[in-house]
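One structure, as C-alpha cells, below. Some questions next.
Note that the chains take the letters A, B and C in the order they are written out, and that residue 1 is the start of every chain.
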Amino acid sequence: MKQFISVTDVADINALIKKAMVCKAEPLKYQQLGAGKRIGLLFLNPSLRTRLSTQVAARNLGMEAIVFNVDKEGWALEFEEGAIMSGNTVEHIKDAGPVLGQYFDILCIRTFPSLKNREDDYSEMFIHQFIKYAGVPVISLESATLHPLQSLTDLLTISEQLGIKPLNRKPKIVLTWAPHIKPLPQCVANSFAEWVNAWGEADFVITHPQDYELSEQFTKGATITQDQDAALAGADFVYVKNWSTYTDYGKVYENDPAWMLTEEKMKNTNQAKVMHCLPVRRNVELSDEILDGSHSLVTRQAGNRVWAAQAVLHEILTSK
Amino acid sequence: MKQFISVTDVADINALIKKAMVCKAEPLKYQQLGAGKRIGLLFLNPSLRTRLSTQVAARNLGMEAIVFNVDKEGWALEFEEGAIMSGNTVEHIKDAGPVLGQYFDILCIRTFPSLKNREDDYSEMFIHQFIKYAGVPVISLESATLHPLQSLTDLLTISEQLGIKPLNRKPKIVLTWAPHIKPLPQCVANSFAEWVNAWGEADFVITHPQDYELSEQFTKGATITQDQDAALAGADFVYVKNWSTYTDYGKVYENDPAWMLTEEKMKNTNQAKVMHCLPVRRNVELSDEILDGSHSLVTRQAGNRVWAAQAVLHEILTSK
Amino acid sequence: MKQFISVTDVADINALIKKAMVCKAEPLKYQQLGAGKRIGLLFLNPSLRTRLSTQVAARNLGMEAIVFNVDKEGWALEFEEGAIMSGNTVEHIKDAGPVLGQYFDILCIRTFPSLKNREDDYSEMFIHQFIKYAGVPVISLESATLHPLQSLTDLLTISEQLGIKPLNRKPKIVLTWAPHIKPLPQCVANSFAEWVNAWGEADFVITHPQDYELSEQFTKGATITQDQDAALAGADFVYVKNWSTYTDYGKVYENDPAWMLTEEKMKNTNQAKVMHCLPVRRNVELSDEILDGSHSLVTRQAGNRVWAAQAVLHEILTSK
C-alpha cells in the first residue's frame, strides 16, 4: 500500500481488519518494524482521537511521530497550480511537500473541506497535491470528502461484535442522519458508505431527511430511504452521524430533533449496537440515554482507532 | 496513589519529599520503571514549567509523554452532566475521558478557574469529572483551586534548605500576599497552605490585606494576620504570591505597592529565603533586588519541579 | 562551540560544512553522542523547516527534542532589564532562562525582529539576554538580524555543487533582492552575506534596488550594485531573497516585478543554480518556471537543513 486516502487503496479489507485485530491483541508485536522511521502528522484542522491514536500506533511500531499543526505553528499553504502568491498563502505545497518528504518516511495529513464550493472540495485537490509533491507514502487523517481511518475502525468494531455474537445472516447496518447545530462535512458518512459497500458483507441502508442525499459515488449499492423507522427495523448496527447537504452544497436545512435517535426508536431494531465517530453533541445528535447505555459502541470505536492506524502503518511499512 | 490532586491523596508527605530527593540525586535511577507506559499531558490553559518539568520527569522514568493543548489543538470540552450541547462545547468529558483513558496509562490535566463563580470553581467539577470518566490515574497540573505539584516542590525546596542549614526549632514559614495587575486564582496559596498545614512541621503564618482571606478549608491551622511586618518578624521562609479575593469572589480590591516585599522588610526576618512559584511580575509582585539576591530560591524551586513530578509519577507507577 | 548565533561563533567554516556532509552521508553515525541529552526548541515565531529539521537532527544524534511554542503555549516574555512588569509581559527572561537551562542541555530559540525600531532589533537584545540567563549552549533558530543555520545550509549546498562540478576559479555568487508583498526581516540576507564574506572562497556580488542597502556590518567585502543585469552576468549561483529597507527601517518602497528573476535574466548567467531559503511567494519573488526548473536548488537546500543543524549540534556536544 503506497497511500491510504480511500477504500480503493485497500487490496483486501478483511485482511486489513484482521491485521488490526492482531495489533490489538499484541500491541508491541511489530515494535521493531518501524525502528528508525519517522512519521509526520500534519494538521490543517483540529483533531483529538485521530492525532493521539495515530501517534500511539506509530510508537507501537517503533516509529518516531512528530506532530505539526500547520495552521497554528506554521502558515497558510497554497495548493493551486500556477498561483500568483500575493495573497494570504505563504508557501506552496510544491515547495513544502518535497521538503517534508525529505524529513519523513511517511506523511499524514488532515485537511477539512471549505463546505463553500462542492466542486473544489470533491476534487480533493489538497490531498492530491500533497501526495503528488510529498514523494513518500501519504495517509489521510481525514480529507475534504473521506475519513478512511475512521471507516476502517468502524468495520473493525463491527467485525469484533460479529465475532462475539455471530449472526447466521448478513448484518443489517443502518447509517442514519442526525441533527446538529452547524454544517458538517460529509466525510464520515461518505467514507462509511464507501467502505461498507466495498466490504459487501452487510445489508446496508442509509436514511436521512429530504435534501440530504449523499454523492452516489460513495452510496451506490446501499438502500436509501427517508423513512427512518423503516430503516431501523431489524437493524443490527445503527451508525449515527450528521452531515450537511451535498446537492445544494454545505447547508443545514433541517435541524429537526425528530431525527435524533431515541430509545423508543431503538425498540424497532434487533437490539442494535449504536455507533458514532465522536465528537458527538450530546442530546442534540444522540441522547445521553443511548450514549451511556449498554448498546453504545462509541468508546470502543474510539479505542479501536489505534489498531486501525497501526494496521495501515504496518501495511505501508511492509510494502515499501 | 491512584490520583494526585490534593495533599489528601498523599499518605506520607515526608516520604514523597524523600523520593523526590532520590530522583534529584540520581535522575535516571528508575528509568526502566515506566518503560512502555504512556502519559498524556492535557492543557486547557497555558503552562511553561509544569509542562516541561513533567515531560522531563516522565522521560527520566522511561515513559513516553504526549502533550495535547486541548483548547488550541482540539476543541472546547463540556463537563456538565446532562448538558444539551447546542452551544460552544464540542465534546463531553463523558466521551473524551474514556477515550483518552484507552490511549494513556496516566493522564495529567491543567484546568484553571473561571474566577467568575466561586461555587463552580470550588466544586472542582472539571477535574472530578475528568477523574470519574478517565478510568486511569489522574495527576493535577493545577486545577481550579489547587496546584499540588507546586506545593510538593515548595516543601521539597524548604526541606533541602533545612538539610543544608538545620534549625533547632520549627522553621517559621510566611505566606505573604503580593500586588498584581490582574485577578489571579487562589490555587498556589490554597495549595501551599494545605500542604504546610498537613506537613505540620512549621510555624506557619499567612498575611494579606483586608478582604483577601483564603478559604478556611485550606488555611485552618495557620496563624492569619493583616500585619505584614509582624508576620515577617523572624521568618525563615517567605513565600510571596498574589491571589484575588475569595469572599467577594475573583476581585482585585487593592493593588497596593506597599505590600510588595522589599529588602527593607526582609531585615525584619531571620535572613529568610524568598520563594515564588513563577511566573512573577518583576517590580510589581517582587523587586529585582530580592529576586536577583542571594536569598531567592525561585530558580531552585522551578528546577525542583522535575523531581516533584518524578516522585509523584514514581508513586503512581509503583502502586498500580 | 558554546553558542551558534553568528558565523563569528564558528572556528572553521569548511570543517563545519564537512561535518554536515559526513552527517548527510551517514545520518546515524553519531547516534550515541547525544544519548540522555535533551534539547529545547523555543519558538516566539512560526517555523516549518527550521523546527522540523532541527528535531530530526537532534533525534539523529540520539537526543530528545522538545518543542515549545512560547507565544502560543506559554505567554509573553520580558527581555528588558529593570522592567516594571505591569503590562503584557508575564515572565522575565531572567526567571525563565535559568529555569529552562535546568530542564535542557541545549536551548534553541527563534525570535523575529519587530521591524519597527532598528536600533532595538540590531541590538539583538532578545537572544543576548536569553544566552546570558540560560546558562547552557544556545543555538539561534533565526534571530532579529541573522539566520545562521540557514547560511550554513546555503554554503553546504553550494559546496556540494562545487564538488559535483568543480570550477577552476572562485564561484561567482550573487545575492539578488526580490519583490514581496510585505516587509520582511533582513536576517537571511545579512546572514548569507556575513557567511559568504567570512568563507572568502567566492566572488560575491549583492544587487538590490536603490534604498535597499543592507548593513555594512555584514556586507563589507562584497561588491554591491543596483544593476541586476550586471550582477547576474556570469553568475554561478543566484541567491534570491526579499528584504525590507535597513536605512529607513522596515519599509517596502518598491515592489517592482521588474526585479523578479526570470528565465530571460538567467540567460546572462553561467547556467547559474538558483537558491532561496523558503518559504517563497511563487510568481511574486520567483517564477514557477525557475522554481520548477532544473537549475533550482531550493528543495535540496531545505533538505540540507537537517545536516547543517546536525553538524552544529555535533559541534556543541563534542566541545562541552
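Brief remarks follow.
Criterion: a contact is a pair of C-beta atoms (placed from the backbone, for glycine too) under 8 Å apart; a residue touches a chain by one contact, two chains touch by 3 or more.
Just so it is clear, the structure is predicted and the values come from calculations on it, not from any experiment.
One copy, subunit A, sits rotated relative to the other, subunit C; on C-alpha atoms the angle is 120 degrees to the nearest 5. Interface subunit B/subunit C: under half of the residue numbers present appear on both copies, so the contact uses mostly different residues.
Averaging Cα coordinates per chain places subunit B and subunit C 40 Å apart. Residue numbers of subunit B whose C-beta contacts span two or more other chains: 72. Against subunit A, the residues of subunit C that register as touching in their complex are 28, 43, 46-49, 51-53, 55-56, 59, 69, 72, 181, 278-284, 288, 291-292, 298-299, 302-303, 306.
Here subunit B touches subunit A in the complex through residues 36, 38, 40, 64, 66, 68, 70, 72-75, 78, 82-86, 90-92, 94-96, 98-100, 102-103, going by the rule given at the top.
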